[in-house]
Amino acid sequence: MNLLKVLDAIDRRWVFLWMGLAVAVPILWIGLTGRTFPETPTPAARAVYEAIDSLPTGSLVLFAFDYDPASSGELQPMSTSLLRQCAAKGHRIVCIALWPLGGNLAQETITNVIREDYPNMREGVDFVNLGYQAGNEGVMKVALTDFIKAFPVDSRGQAASKIEMLRGVKRVSDFPLLINVSAGYPGNKEWIQYVITSSEGKMKMVAGCTGVQAPQMYPYYPAQLAGLLGAIKGAAEYESLVNQSIGGIAPPKYLEAQRRMAPQLFGHLLMVLLIIVGNIIFFANKRGDLR
Amino acid sequence: MTLRRMIPMWIAVIGGFVMLLSAFVRPIEGIGENFADAFNVIAAIAVALGAGSLLKVNLSKISRREAGWGFAGVILITFAITLIVGLLKIGVHPSHDFPAALFSGKQETADSPFGWLYEYAMVPLTSTMFALLAFYVASAAFRAFRAKNVEAVLLLVTAFIVLLGRTFAGVVLTGWLPDWASGLRFENLSVYVMQVFNTAGNRAIIIGIALGVAATSLRILLGVDRSWMGGGDSA
Amino acid sequence: MVLGACIGFAKAAAGQVAQHPAQPAAISQTALQAAQPAPTLLKESRLPLFTWILGIAIATTIFVARARGGKPPTIRRIAALEAVDEAVGRATEMGRPILFIPGIQDMDNIQTVAGITMLGRVAKTAAEYDAVIEAPTSRSLVMEAARDAVQASCLAAGRPDAFQPDRINYITDEQFGYAAYVGGKMMREKPAACFYMGCFFAESLIFAENGNAIGAIQIAGTAESSQLPFFVAACDYTLIGEEFFAASAYLSGEPDQLGTLQAQDATKLAILMFIVAGTLAATIAAVMPSADFFAKTSAFLQRAMGN
């Protein structure tokens, strides 16, 4: 009972400390041992992999980076693996962003994946970063009828109308696949509402989103969304699929999502424990044991 | 109703109906986009007002030596540095296509001072704030998740299934179940919960919200609800 | 806004000109035109949606007319809205300010408009009780709209001196920069009542937990379903989804506005009937493939719902 009384009156900063340890210790352990938990992909993650894999080599893919550095902890690993699979498959990738810092994140991902591991890919021919465009869903509506008008220049300042890989691209539905990694508004929901619904089946979409958004996105799968990566778990499942298919020993940058599953495990276990202890205290209070 | 309230109301009514109809009537599709563009222009101009307010509030804090005036100074200094570095494109290399033009480069490039501010100030600060959520969710779970009634018990059971099913703990706890009972493994149960129960509940909430949005928008467009202008509904 | 409309019309005129470039050679153009069907006035794929909107508008007209005709509907008690006076009164007694957060999106988001509407009502009550209300905003336009709303409310309450524009100020567009400011303000100034009314994302839990830590009474309202669990767990009262949009009508008590709530409910009932009928038809069609009628009914209902 003394312990329950102490826990009942505990300062919330102790809870913060326990959570900090639950997350930090596994990170250190993984850093030292390099070991990760095995992942079994769920159908939604597998569907993302198959949507990209089933496209003929050299297909145009539109990749929208609709998140910022705050959510990059959860979303960057899936962006890295998505770009890696597209590059490995030989697709032509057009990167865009509707969040102000999304363009920078797209550039970072291109540098980490394409420039380091696929140096034969040429900018403007095999991939391009059209950067950030202000206007939220207004940009999507313009892109429906005139993609070049929606994204007039690339990150180097070159006019999009002069970029070789964009010749013949008139509207956004000319891309057979849209990959959207998003942390909020504008993001997955807006792309579905304004673009996918209007494309009348010509364009497929796969999405990655944060854990908080995932419950909102599940209603759209598998009708409007061909595949869905929900939170770091979805990213870890997808990452393991991509690493398996490409083969070899994956460098650490392609293991980030799987490495983050260990802190997630201990964090979740701590939360379950806190909920159980909280309820024990609740029932003890109800019975009057703690007076 | 005074002119001061009538003009904004009519602008809202006309703009709203044009944008609504532009989604269905082909000839006026472009006009709807132009109204949306007009909003973006106004929002961009309004940034100057916001910046002015920021300067005024913080400068008066400093001049009155209010508690925490040093932090107001930090705000103003960082605001000035970021504004000058970004607007003047200090240290930015000109674009390849226009090497002679002074301001042709993009300031977001990694090797520019603006890019440095992004990489070493913005990214760590925003990531830190986002990371705070992990701590807050733990304290919220400890304080608020109580089995007060049947619905709360159901909620807690579902929460345990999803929390454990989304990690390796679910595999350890229920991975031993035979194939015919694989649906009861936590990792499969959590997918089922998300795809069936959560989807149903979310769809219901989304339908309700969509109707709420439609009704609120109609009230504003028809001029029935003018309280968004403040002061109650009377003119 | 007037300037914006003028710019918009000018752009519209320019846009119309730009959409009609010089015509290509007559022969090929005629051949092209002969091959293509003439575009229709209305977009056929959106007809079901247009029908539903028309239906909502007709239902609104009918129920508003009924409400005006002396049959105002009875609205169930919404605890969060009943608690507004209690929260403002608490702030007055404790001599501490009221903090109002109208969300982090701009004025083009209907949740922000609903939030500003609530701010106007809370500000009127605060002016009557002589309580201080502070509203830091994340967007400049929202700051201007909030100032106008609060000023009009103070005037309506007969307390024009209660309006202090510097208490409604712009902080930053950056989501977590704004969250950091508000969190710090809450910990330093310890407002007695916190209102979170608008569109929120990840920062919702930061606000709600900080408010809990300082012992403030918290009333939240949002239509972001991903943030509702955090508000429900951490706040004293939460307006969930459509309750948030109904708040303005509820607090006004006017028959016109209450009639629109009834129209909303009637439309929801109609949608429910379509869902039940469609589910039954699809299920029977799947179980009995030979029953053509149910397959056709299911397909028709899917098209009617916009699929």
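So that you can tell them apart, the chains are marked A, B and C in the order they are listed, and the count of residues begins at 1 in each.
One rule holds in what follows: a residue touches a chain if its C-beta (ideal position, glycine included) is under 8 Å from a C-beta of that chain, and two chains touch if they have at least 3 such contacts.
Everything numeric in this text was worked out from a predicted model, so none of it was measured.
**Q** Could you name all chains that are in contact with chain A and with chain B at the same time?
**A** Correct list: C.
**Q** Going by C-alpha centres, which chain is most central here?
**A** Closest to the centre of all protein C-alpha atoms: chain B.
**Q** Does A-C or B-C have more contacting C-beta pairs?
**A** B-C
**Q** Relative to chain A, which chain has the most distant C-alpha mean position?
**A** Most remote chain from chain A, centroid-wise, comes out as C.
**Q** Measuring from the mean C-alpha position of chain B to the mean C-alpha position of chain C, what distance in angstrom results?
**A** 14
**Q** Return the distance between the CA-based centres of chain A and chain C, expressed in whole Å.
**A** 28
**Q** Residues of chain A that contact two or more other chains, please.
**A** 12, 68, 70-71, 215-216
**Q** Any chance you could list the residues of chain C touching two or more other chains?
**A** In chain C, residues 175-176, 202, 225 touch at least two other chains, as defined above.
**Q** Quick check: what residues of chain B touch more than one other chain, meaning two or more?
**A** As it turns out, chain B has residues touching two or more other chains at 33, 36-37, 122, 126, 129-130, 137, 139, 143, 145, 202, 206.
**Q** Using the touch rule from the top, collect the residues of chain A that touch chain B in their complex.
**A** By the definition above, chain A touches chain B via 12, 15-16, 18-20, 23, 37-38, 40, 42-44, 68-73, 101, 103-104, 107-108, 131, 134-135, 138, 141-142, 155-158, 214-216, 218-219, 221, 230-231, 233, 261, 264-265, 267-272, 274-275, 277-279, 282-283.
**Q** Flag every residue of chain C that touches chain B in the complex, lowest number first.
**A** Residues 1-5, 7-9, 11-12, 15-16, 19, 39-43, 46, 49-50, 53, 56-57, 60, 64, 106-108, 110, 113-114, 116-117, 119-121, 123-124, 139-141, 143-145, 148-153, 155-156, 166, 169-172, 174-177, 179-180, 188, 202-203, 205-206, 208-209, 212, 223, 225, 228, 230, 233-234, 240-242, 244-246, 248-249, 252, 254, 256-257, 260-261, 263-264, 267-268, 271 of chain C touch chain B in their complex.
**Q** Can you name the residues of chain B that touch chain A in the complex?
**A** Chain B reaches chain A through residues 33, 36-37, 40, 95-98, 104-106, 108, 110, 115, 118, 122-123, 126-127, 129-131, 134-135, 137-139, 141-143, 145-148, 156, 159-160, 163-164, 166-169, 171, 187, 191, 194-195, 198-199, 202-203, 206.
**Q** Once bound in the complex, which stretches of chain A touch chain C?
**A** Per the touch definition, chain A meets chain C at residues 12, 68, 70-71, 183-185, 198, 200, 210, 212-213, 215-216.
**Q** Quick check: in the complex, which residue numbers of chain B touch chain C?
**A** 7-8, 11, 14-15, 20, 23-27, 30-31, 33-39, 41-43, 46-51, 53-54, 56-57, 60, 67-68, 122, 125-126, 129-130, 132-133, 136-137, 139-140, 143-145, 202, 205-209, 211-220, 222, 224-225, 227-234
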